[in-house]
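Scrolling down, you'll hit the structures one after another.
First subunit A sits with subunit B, and in the next complex the same chain sits with subunit C.
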Partner chain A sequence: MSAPIPESTRTATAPSRTGGLRRFVAQPTGALSLTVLLVFVVTGVFGPLFVDRPGGLGSEILQAPSSAHWFGTDDLGQDVFAQVVWGTRVSLTVGAAASGLAILIGTALGLMGAYSRRADAWITTVTDLMLSLPLLPLMIIVTAVAGPSILTLTVVIGLFSWPEVTRLIRSNGMVVVAMPYIDGARALGAGGWRIVTREVLPAVVPLVVVSVLLTAARAVISEAGLSFLGLGDPDSWSWGRIMLNAQRSGVLSTAWWQTLFPSLAILLLVLAATVAGVRFNDSRDPRLKDR
Partner chain B sequence: MNADEAALSVRALSVEFATREGPVRAVRDVALDVYAGRTLAILGESGSGKSVTALTIMGLLDSPPARVTSGSIMFEGADLVTATERTRMRVNGEGIAMVFQDALSALNPVYTVGNQISELLRVRRGLSRAAARAQAIELMERVRIPAAARRVDDYPHQFSGGMRQRIMIALAVALDPRVLIADEPTTALDVTVQAQIMELLTELRRENGMGLVLITHDLGVVAEVADDVTVMYSGRIVERGTVEELFQRPAHPYTRGLLRSMPRPDRQDDELWAIPGAPPSSLHAPGGCPFHPRCDAAVDRCRSDQPEFELIAAGRGSACHRSQEVFDGRA
Partner chain C sequence: MVEFTVRRALRAVLTIWIAVTVTFFLLRLLPGDPTLLVVEGDMTPEMQQALRVQYGLDKPMLTQYWLYLTELVQGNFGTSFRQLQPVTEIIVSRVPWTLMLAGSAFVLTILLGIPLGVYAAAHRGRRLDRIVQMFGITGHALFVPSIAILLLVVAGSWLGWFPIGGAIDPDTRGLAAYLSLFHHLALPLISLVIVQLGPYALTLRTNMLEVLGEDYVKSARGRGLSTRRTLWKHALRNAILPALTLMGLQLGTLVGGAVLTETVFAYPGVGRLIFEAVGQLDYPLLQGAFIMLAITVVVANLITDVVGMLLNPRIRT
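What follows is the complex of A and B.
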């Protein structure tokens, strides 16, 4: 009666990490967005080793893009290409660090809200309140008061970007918390911390990855915006500062290259991060046939 | 430990759910005794409160909306109703464990089964990674999973329904609990696998000397594996007794109706008999005895008075105004 039934139905193989990456780049959107992101990261990390830090006064002022100055020069004769390369480092750093901070806070609060009913009432209220605040004016005020620096920018952008993450993680975490295997874990004596970190968190990790990318994209835009408004670090280059310089020196209408290239960089980075996020989401969705 | 003493003892347990239409009393005045090495079957249809009773014992009900309004759940000298979270966490798994109905959704899909079993052993028993893995394989062999050493790294979805239920059972007995609660463990399985799972549970009960609580609506399963039976209806216990006595001589019209509605291959009836009507909603329970609208022995008194649970013979009890008459076959 209790003879074991031979079990030979090994249909699916265990999901592997490399398989996920291969699926991600299988679609042109995935490959392309990943390439663009990699180019930016390589530029940000290694670019400043090959390109001199822009500074001082040059003789060739307001030159249009040429073979000597790929992105032209500004009113001080500085190379815009060098500014963009050096700015990449700052924009990426602020974007990544602010996004990391926002993800950390957002995921922690989201998981807490999903798991604990009592905490949820507070977390939801605070999240809704944060989402209803006019963010840009607030960020301007806080940055101005705290004194502009890269650290200030990172912290301010991070502290104002977590509510979207909280909302996303909370709503999806709630679905997981209602799963019978959470009761299963509790029946075996698992406590709240263990359930949240070992059972709920792994189930929402894909979403965390997606929201890292989307939040980083928004953080880059916020950084550029704040720098353009003069709230960036005056000692370091960023894409927003290049445009601020163009606006300050009154060459916005004539020296188009000085605003076009940093803007293009922002556009490309944000677009690539967003597309990569969407692509990552799709590549993990078993319901999509040609994922 | 006294052999006569119950391993788990539930007294006067009442559980209420807060709903928009007011509190619903899902479980009222339930008393159970689970003895080491014996199988107690809780028999009842959907909504009779049998699963709520089990979840309350495990402390798995969300509060709110659920609330234990009275009663005690005594286990190893502690009342689990008032126990601290810490006691609760220690008792769950080590003292009392539970097997759920649907093993696929009760296992975490993102970890391999070996990972889930050995994680439990590492956290609760302090085993090393290698020792926990070895013991996980041992446990999988014990619940008769073929080629356990190879399958330990498979994910839950790679197993068949019966095999998944075996993994659930392996997890539940991993910490050697004194009481195992199985909530309709075979409902989602086909008949041949059902019998194997029941046999496995019975065997583990015997080997480990566990008390087994079997929650089911399947009279056939009860007849086969249970020692004691508690019948629930509309959140209350309506009858209790050993399986032989209760099946031979029911003392409550509901039990009698259930037994009568069992398919009997030896009788060539044209139609299967069924208890008329439907179970009452807990929100709008009828006055008097909750079973009276469906009862074939109801008298005027049943419409107005709620019958108390009373002993009618040694080890037998029933909540019916006419239990003695039903017991004697006079009603």
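What follows is the complex of A and C.
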């Protein structure tokens, strides 16, 4: 899997103009996406220390963006910039924690499916079933019943996001399991647990990293969607909730800033996580070099 | 072929049964007991008991489950907590709107995605190919309400090209009614297609590139067939299958997107119904709406699979 690229292939692809250009582009986008992610993390962690928590009623209602209110104000006179900054924390927390949960379940099931044929039949069936259901409506119901809170959102999104991870890890794990060194390990007397954790898992770790990023991106979208539908934590700010407020108070067309800035935040964060994941994946796959 | 269809149909039924079962027990086992909502605090114990009997909440859970299943098979989704009407009636009046929205988004995505994907694969590295690749990756990053609100504000409010909510102008008749229907459908539809198209075209492009490298395509070229004929007749036929399967798998996401779009445009489909039912904590309605959407997705997926098999040149009978 991680075999070095033969010298001949390398020289064969190098002269292709697009291949060279793409590799040139690949570096800056990778670096740029990481920088954007970092900016969001810093904003989420330290932002609320510098920006007052939005709340109460202000006198400056529905102000357009200005030097006093960078992202304008909403119909209660609250600063939208402050809402976006506080929302960053929630989006990042839910995104990261839900992704972590989904990765744990997904990787465990994926490895189990790749290694044990008996477990595989069940795991594949359940994964396919989950993937064929409309998950957003399902998440809506469960969140509504369990009572909206950050914890609920995290658990619900995590519990419904593992099938994609399972599929990815399983299909790649199967390639690894079929490799001669696994037979070698078995011949040396290694048990199933040892083979899976010591031999197969390390081989799929790069994929797990990619999955973390892509799953986190999807989790952020899911969180925003649920919050937009009124299922966010009522006590904390989130990007979806800012947009819901604009929709509820009927100021979508007049106060464009109230939906534009949270939208940009979602787009930037999700895009950065996706691009970082894709670039990371491409950078270790020599076959994709000239695609 | 018949066996394949039957097997797929059985699986579809199994999927729906699991969806029904999981939601039934989830709703009853989660901490926030939905059944308590019907029973209000200031009622006398006799009234509470009468209500419980009316909703069947006094029976053991497995009995309730069995009753729910038998009613469901007969098309009865129970009674709405808030609107005090049969859930089936409420949902059935909403389903056609969602079917029309999601269905036309599905078809339009395929109709636009195929030429885009084929063109991008045939002209690798050109501008359009770049654009397809870019949208293929960014498409996943788009938040449906963001796109929908952008369209609503710019094309609806500012430019005034399209209505900003609802599904039809009730005063129109005949041809004007149809025009009004399409006029109202446009923005929600475009929002969904924008989100779906990029990733779809990109998948088709990748499949095409794989197929174009295969021997039978090379031999078609070698026999002197034109580029266009090889591309559209020989290669596309094999590249389209995985793309169709992908589209079937994306149906769940598409319906999720429809829920969000309908909410933004106050479009009277099942999605908007869910949004309203969440606000009122109307559990039977939520459960019914989800099951209805699940049935829609699973049946559409079944149709996609069977169509895919009919199109597959390798299993021609």
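Here is the rule we use: the second predicted complex is superposed on the first by the 259 of 291 C-alpha atoms of A that agree within 3 Å, B and C clash if a C-alpha of one lies under 4 Å from a C-alpha of the other, contacts with A are read in each partner's own complex, and residues count from 1 in each chain.
One rule holds in what follows: contacts are C-beta pairs under 8 Å (C-beta built on N, C-alpha and C of every residue); 3 or more make two chains touch, one makes a residue touch a chain.
The shown structure was predicted, so the numbers you read here are calculated from the model rather than taken from an experiment.
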Task: Please indicate which partner A:R194 is in contact with in the superposed arrangement: first for subunit B, second for subunit C, both, or neither.
output: first
Partner chain in contact with A:L271 - subunit B first, subunit C second, else both or neither: second
Query: Between subunit B (first) and subunit C (second), which does A:P137 come into contact with in this model arrangement: first, second, both, or neither?
result: second
- prompt: With the two structures laid over each other on chain A, which partner does A:A185 touch: subunit B (first), subunit C (second), both, or neither?
  reply: first
Task: Go through the superposed model and pick first if A:S99 touches only subunit B, second if only subunit C, both, or neither.
output: neither
Message: Once chain A of both complexes is superposed, is A:A203 in touch with subunit B (first), subunit C (second), both, or neither?
response: first
- prompt: On subunit A, which partner's contacts cover more residues, subunit B's or subunit C's?
  reply: C
Message: Considering only the contact definition stated at the top, list the common interface residues of subunit A for subunit B and subunit C.
response: none
- prompt: Okay, in this complex, where on subunit B does subunit A touch?
  reply: 55, 58-60, 62, 64, 85, 88-94, 97-98, 100, 102, 105-112, 119-120, 123-124, 144-147, 151, 153-155, 157-160, 162-163, 168, 171-172, 175, 193, 195-196, 199-200, 203
Query: Can you list the residues on subunit C that touch subunit A in the complex?
result: 14-15, 18-19, 23, 26-27, 30-32, 34, 124-125, 137-138, 140-146, 149-150, 152-153, 156-158, 164, 206, 209, 249, 251-253, 255-256, 259-260, 263-264, 274-275, 278-279, 281, 283, 286-287, 289-290, 293-294, 297-298, 301
In the complex with subunit B, residue positions of subunit A that touch it: 1-2, 4-7, 9-12, 14, 117, 179-181, 183-191, 194, 198-199, 202-203
Query: Quick one: in the complex, what on subunit A touches subunit C?
result: 17-18, 129, 131-138, 140-142, 144-147, 217-218, 221, 224-225, 228-231, 240, 243, 246-247, 252-253, 256, 259, 263, 266-267, 270-271, 274-275, 278, 291
